[in-house]
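A, B, C and D are the chain letters, set down in written order, and residue numbers restart from 1 in every chain.
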Amino acid sequence: MSETPRRNIDIARLRAHHLTMCRIRALEEAALRGLGDKVVLGAIHPSIGQEAVAAGVVGALRRDDILLSTHRGHGHTLAKGASSEAMLRELFGRVGGNCGGKGGSMHIADFEVGMLGANGVVGANIVIAAGAAHAIKLKGEDKVVCCIFGDGAINRGPFLEGLNWAAVFGLPVLFVCEDNGFAATTRTASMTAGGGPAVRARAIGLPAEEVDGNDVLAVEDTAQAMIAAIRAGGGPRFLHAKTYRLTGHTGVDTAPYRPADEVAARKREEPILRAADLLRGAGVAEAEIEADRIAAEAEMSAAYDAAIAAPFPGPEAAFLDVQDVGSPALGAF
Amino acid sequence: MARISYMEAARQALAEEMRRDPLVWAVGEDLGRGGVFGQYRGLVEEFGSARISDAPISEAAILGASVGAAMMGTRPVVEMRFSDFALCAVDELVNQAAKARFMFGGQTRVPMVVREPIGMWRSSAAQHSQSLESWYAHIPGLVVACPATPADNKGMLKSAIRCDDPVVYMEHKNLWPLEDEVPDGEHLVPFGVARTLREGRDVTIVSWSAQVHVCARAAETLAQHRIEAEVIDLRTLWPWDQETVLASVSRTGRLLIAHEAVQVGGFGAEIAAVTAEWLGAKVRRLGAPRAPIGYAPTVEDAVRVTEAATVAAVREMVGR
Amino acid sequence: MSETPRRNIDIARLRAHHLTMCRIRALEEAALRGLGDKVVLGAIHPSIGQEAVAAGVVGALRRDDILLSTHRGHGHTLAKGASSEAMLRELFGRVGGNCGGKGGSMHIADFEVGMLGANGVVGANIVIAAGAAHAIKLKGEDKVVCCIFGDGAINRGPFLEGLNWAAVFGLPVLFVCEDNGFAATTRTASMTAGGGPAVRARAIGLPAEEVDGNDVLAVEDTAQAMIAAIRAGGGPRFLHAKTYRLTGHTGVDTAPYRPADEVAARKREEPILRAADLLRGAGVAEAEIEADRIAAEAEMSAAYDAAIAAPFPGPEAAFLDVQDVGSPALGAF
Amino acid sequence: MARISYMEAARQALAEEMRRDPLVWAVGEDLGRGGVFGQYRGLVEEFGSARISDAPISEAAILGASVGAAMMGTRPVVEMRFSDFALCAVDELVNQAAKARFMFGGQTRVPMVVREPIGMWRSSAAQHSQSLESWYAHIPGLVVACPATPADNKGMLKSAIRCDDPVVYMEHKNLWPLEDEVPDGEHLVPFGVARTLREGRDVTIVSWSAQVHVCARAAETLAQHRIEAEVIDLRTLWPWDQETVLASVSRTGRLLIAHEAVQVGGFGAEIAAVTAEWLGAKVRRLGAPRAPIGYAPTVEDAVRVTEAATVAAVREMVGR
């Protein structure tokens, strides 16, 4: 895939994506370190190797657009504008985490920046996203909703129901299938019949395109065009971005179920390397490229130290934000 | 006061709330033609099809989309048609609607009303007759309302629509035609406040939804046996009015809880347990046997909690 | 549609279908009478006008093949070989009904003839059918499963999950979408996006065909070819049969939501008339055609009288066949 | 006797039953690589991928297809991964599996085992930690099993696979590594027979699943206060062993029920209610507050039913 024909590259834009991807990578490496250090408490699902989807798709969104993600949502969340320190605090279960330490990695969310949540249930956000777009249409706003999900999610009922819903009501939503080839330890192709995500989406009436999900500019270009069409009232669109999960399914999965040479080959096509190559080809100095990585790592290292120093929430947090009526905080249990 | 039906009361409640708040909207199958029972009749004409919205047969999307729409600041009223079909959308209700506010650390709320008509209704058999209110009472984050009268169906539906929590709102299908007085003007019934429909010193009978009317009739019969039963309509199962129930049982010393739902694991168990824990009072429950609901009237009736059973249970407790 | 080009008609076969369709029609007219007489207790969903789907599809099945149906399943059940008297007993809630009076119209089933049930939940049988076929494959049998569902069901999650399941595992199942244009009071087209049932099925990898569902021979021919391919190990197939519901959604629905002239026009294309026309064209005497109708009506009238004389089950039936362990019949409640 | 883990016990049970009966097969996501927790490790090598079958992420199809496959005479063991994800297949379990035999008038049976791992497990938060066993106990047609030990996880899973009813089989995720003795040879544990793991005259403590171990530790502590607690592991919630529980409470006069699930509407309420109805004994429950389960350990721990809480509750009841 590295032979993609050279385009006229907007260096500043590519540079920004490169930085975003480096930041995502560094954040997740920090999270993995946290797992080793036993400060990350629950499961984490790294998106290492998939950063171009996050950077490209989210790069095409406005800040007031809405994003919904998956259990593998760190990259999407960071790209949408969440603070890395708040995210690490959340992963560490601390005060000042995006969800006050009550959600953790699988429920990371930042409503301030329009990020309406990861989800622990595969595919669940597809219908929720359709509904968020429904509200936007009812209110007459011009926001767009973007819902990212994995290739495994296209076999769940809400995929059909959510896409049909969005199409029937002509809602402003971009569905993005972030296809990393796997659903946990299962090769998705082995459990998915037919022509794939885009073919399914088209059958439900959504214009759909496939894109090289490791090519951040291609992702952004395609997403941008689709989002423009959606914002213009064209109804929902579907983007199938093909990428590869370089790590195991979770932070502790060593992925023995796939050959090392497959992973090695895919590593050579990973999006940060490819962006760096493009930058180099466009004449950007090695030191500048390196500076992105260094900046990203410095940011995450500082965030890590700050997060680890933050306190855990008190037990009373267990009873807050459950509900207004009959709240356990009122002793109603 | 006007005399209207339980169904009309809900229709009025929804219409009033939709007039009051442009962010309130309703969605479900067949709403544009008045809904499966007619409880939305005339509303699409007033509010248009965007706010009285049809839906595909997609329970997961109906409920799940409403979660998203609620998080984005609208207030959906979700029609599930039969509570049985809501079982096609349990992830959306229990894992998503009920937990979003908590797991996102208070960043959002999910103000939605999930209408799930319950109960036995003319030989509808095992997949169209269930009463699963105790399930939702067990789920943190949810409010559970089970109105028994036209007045309550108006006042509670209005409260549900104004509530910032997701409310599982369970109307009883057999009550649709029931007519009674409903207060004029703005009528709101708060959650967690039971209604004592009859006072009595010998026994406390607690119930909700259609079963309240069975209990009321049983209380009449009991009076002929010189047994004075206090009858309490709980109205909401979560929150439930422990204060009223415990105060009543403190006076009467005896508690019978009656519900149409299966007895095993029904919400009667919760009330019995709380009462036993706090008062050590004599408690007794009446619920359905642990069997699905059959089609034939004889089979259907065999799992019905009847007036006669209610009377017999109380007489045994009181000893006369 | 009555201008379908004339084929070489197998008169005996068409005659048999005509009789089957007349029997279905007469059964449902008896059921409607029972509703008026208040001996049918719960809701019924007549398939009047849709009989060619039942006759044609089921005509292509072997007796030991398996059928699953919908809430609108009288025709399918009768065509599969259930006794009309047992069916009316079931609708009347009596002893000797197929389900002992415990199921009623929406749960009618006759496992003796391989009819595994109507279902009160739209779309629910799609995954159950896939599983029935899964068992057949595991056991190495050569039976085929046929699952009929409505056009409304294609918007429910189990449609996607069940079709994908059948395709992934290469299961012997024929999915039949009996498209009568409506889901209760809703025109299905208004709530369904994309190219329709067959397009969706193809996107999930199932060979799919559309057929005039009021042409019983066309239905049978197409189903037959598909079933042969399935039985030969070709995996699942999908048949989209277009028809029209001449009655309301239920026995009490007067269907004011559609214009009378639409219904009148569709009545002229209804399958029994069309089969009779074909028979006439092939030289069958009017009296013979009429004889089918008369025989069917006589059968149902006798069945009605017998059913109405049958007793209701005793209350103990409420506690039987719930479960073995912890059965309420053992006082375990 | 061999010392094996709770996980290995289940693995052996399944392997033995699959060897015994060629109609037994298992299906779920990732089973071909041993399952999400490793509880299927090595099985695909022995039985092949048709009988240890992978599945798409299609919970409704996993459960619903198994209903069809069970009706057609096979005996599926269905892996739901986390009981939370089973909420994506509630129609299939509750409206279909549980009711098919009844609503078809006994024409079919649905012999299937639905494995739904429950419970809190290392900061898994609100969508991966639930204990909803009381829901299924409320549903006619279902058997509900909650093994607490390796021996029971072997003997009960084998019984579940042989049972002709649909069984909701809830293993506790925290127990996977727990090791203990398991009887050699054919080991079957019948449903509805509780296990008294400690005898005592002062109070009866009833529990199930992982909470049993908390109660056992609490009983040790109580002994130091000269309080002799009888500890009963219920093993199955439906059917549940009323006889053993009531006989014990008749002797001790006091009953504490402890479970990890939310207290409101939990199955403890059913046991408390039955006991109060039959014996009028002093009852007390310990369950989680009605709140979702949070990620941070402090938040997670705040809803845990601890040994200390158990000890305190009993001491208060006994008055010393």
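To be clear about the criterion, a residue touches a chain if its C-beta (ideal position, glycine included) is under 8 Å from a C-beta of that chain, and two chains touch if they have at least 3 such contacts.
Just so we're clear, the structure is a prediction, and the values are computed from it rather than from any experiment.
Enquirer: Please report the minimal path length, in steps, between subunit B and subunit C on the chain touch graph.
Expert: Tracing touching chains, the least step count from subunit B to subunit C comes to 1.
Enquirer: Tell me which chain's centre, taken as the mean of its C-alpha atoms, is farthest from subunit D.
Expert: It is C whose centre lies farthest from that of subunit D.
Enquirer: Return the distance between the CA-based centres of subunit B and subunit D, expressed in whole Å.
Expert: The answer is 30 Å.
Enquirer: Could you please state the distance in Å, as a whole number, between where the Cα atoms of subunit A are centred and where those of subunit C are centred?
Expert: 45
Enquirer: Take the average of all CA coordinates in subunit A, do the same for subunit B, and state the distance between these two points in whole angstrom.
Expert: Each chain reduced to its C-alpha mean, subunit A and subunit B end up 40 Å apart.
Enquirer: Where the CA atoms of subunit A average out and where those of subunit D average out, how many Å apart are those spots?
Expert: From the centre of subunit A to the centre of subunit D is 36 Å.
Enquirer: If I count partner chains per residue in subunit C, which residues reach a count of at least 2?
Expert: Residues 99, 101-103, 107, 119-121, 155-158, 160-161, 164, 168, 190-192, 322, 326, 328, 332.
Enquirer: Would you mind listing the residues of subunit D that make contact with two or more other chains?
Expert: 55-56, 58, 60, 84-85, 88, 91, 95, 102-103, 125-127, 140-141, 238, 262, 264, 289-292, 294-295
Enquirer: Determine the shape of the graph in which chains are vertices and touching pairs are edges (line, ring, star, complete, other).
Expert: complete
Enquirer: Quick one: which bits of subunit C touch subunit D in the complex? Just the residue numbers, please.
Expert: Residue list for subunit C touching subunit D: 66, 68, 97-103, 107, 109-112, 116-117, 119-121, 124, 126-139, 145, 157-158, 160-162, 164-165, 168-169, 320-326, 328, 332.
Enquirer: Residues of subunit C touching subunit B in their complex?
Expert: Its residues touching subunit B are 41-43, 90, 93-94, 99, 101-104, 106-107, 119-123, 152-153, 155-157, 183-186, 190-192, 257, 312-319, 322, 326, 328, 332-333.
Enquirer: Which residues, counting only subunit D, touch subunit A once they are in their complex?
Expert: 29-30, 32-33, 36, 54-60, 84-85, 88, 122-128, 262-264, 289-292, 294-303
Enquirer: If you look only at subunit C, which of its residues touch subunit A in the complex?
Expert: Per the touch definition, subunit C meets subunit A at residues 155-161, 163-164, 167-168, 190-195, 199-200, 202-206.
Enquirer: Which positions of subunit B touch subunit D when the two form their complex?
Expert: 84-85, 87-88, 90-91, 94-95, 98-99, 102-103, 125-127, 132, 134-135, 137-141, 238, 261-262, 264-270, 272-273, 275-277, 280, 282-285, 289-292, 294-295
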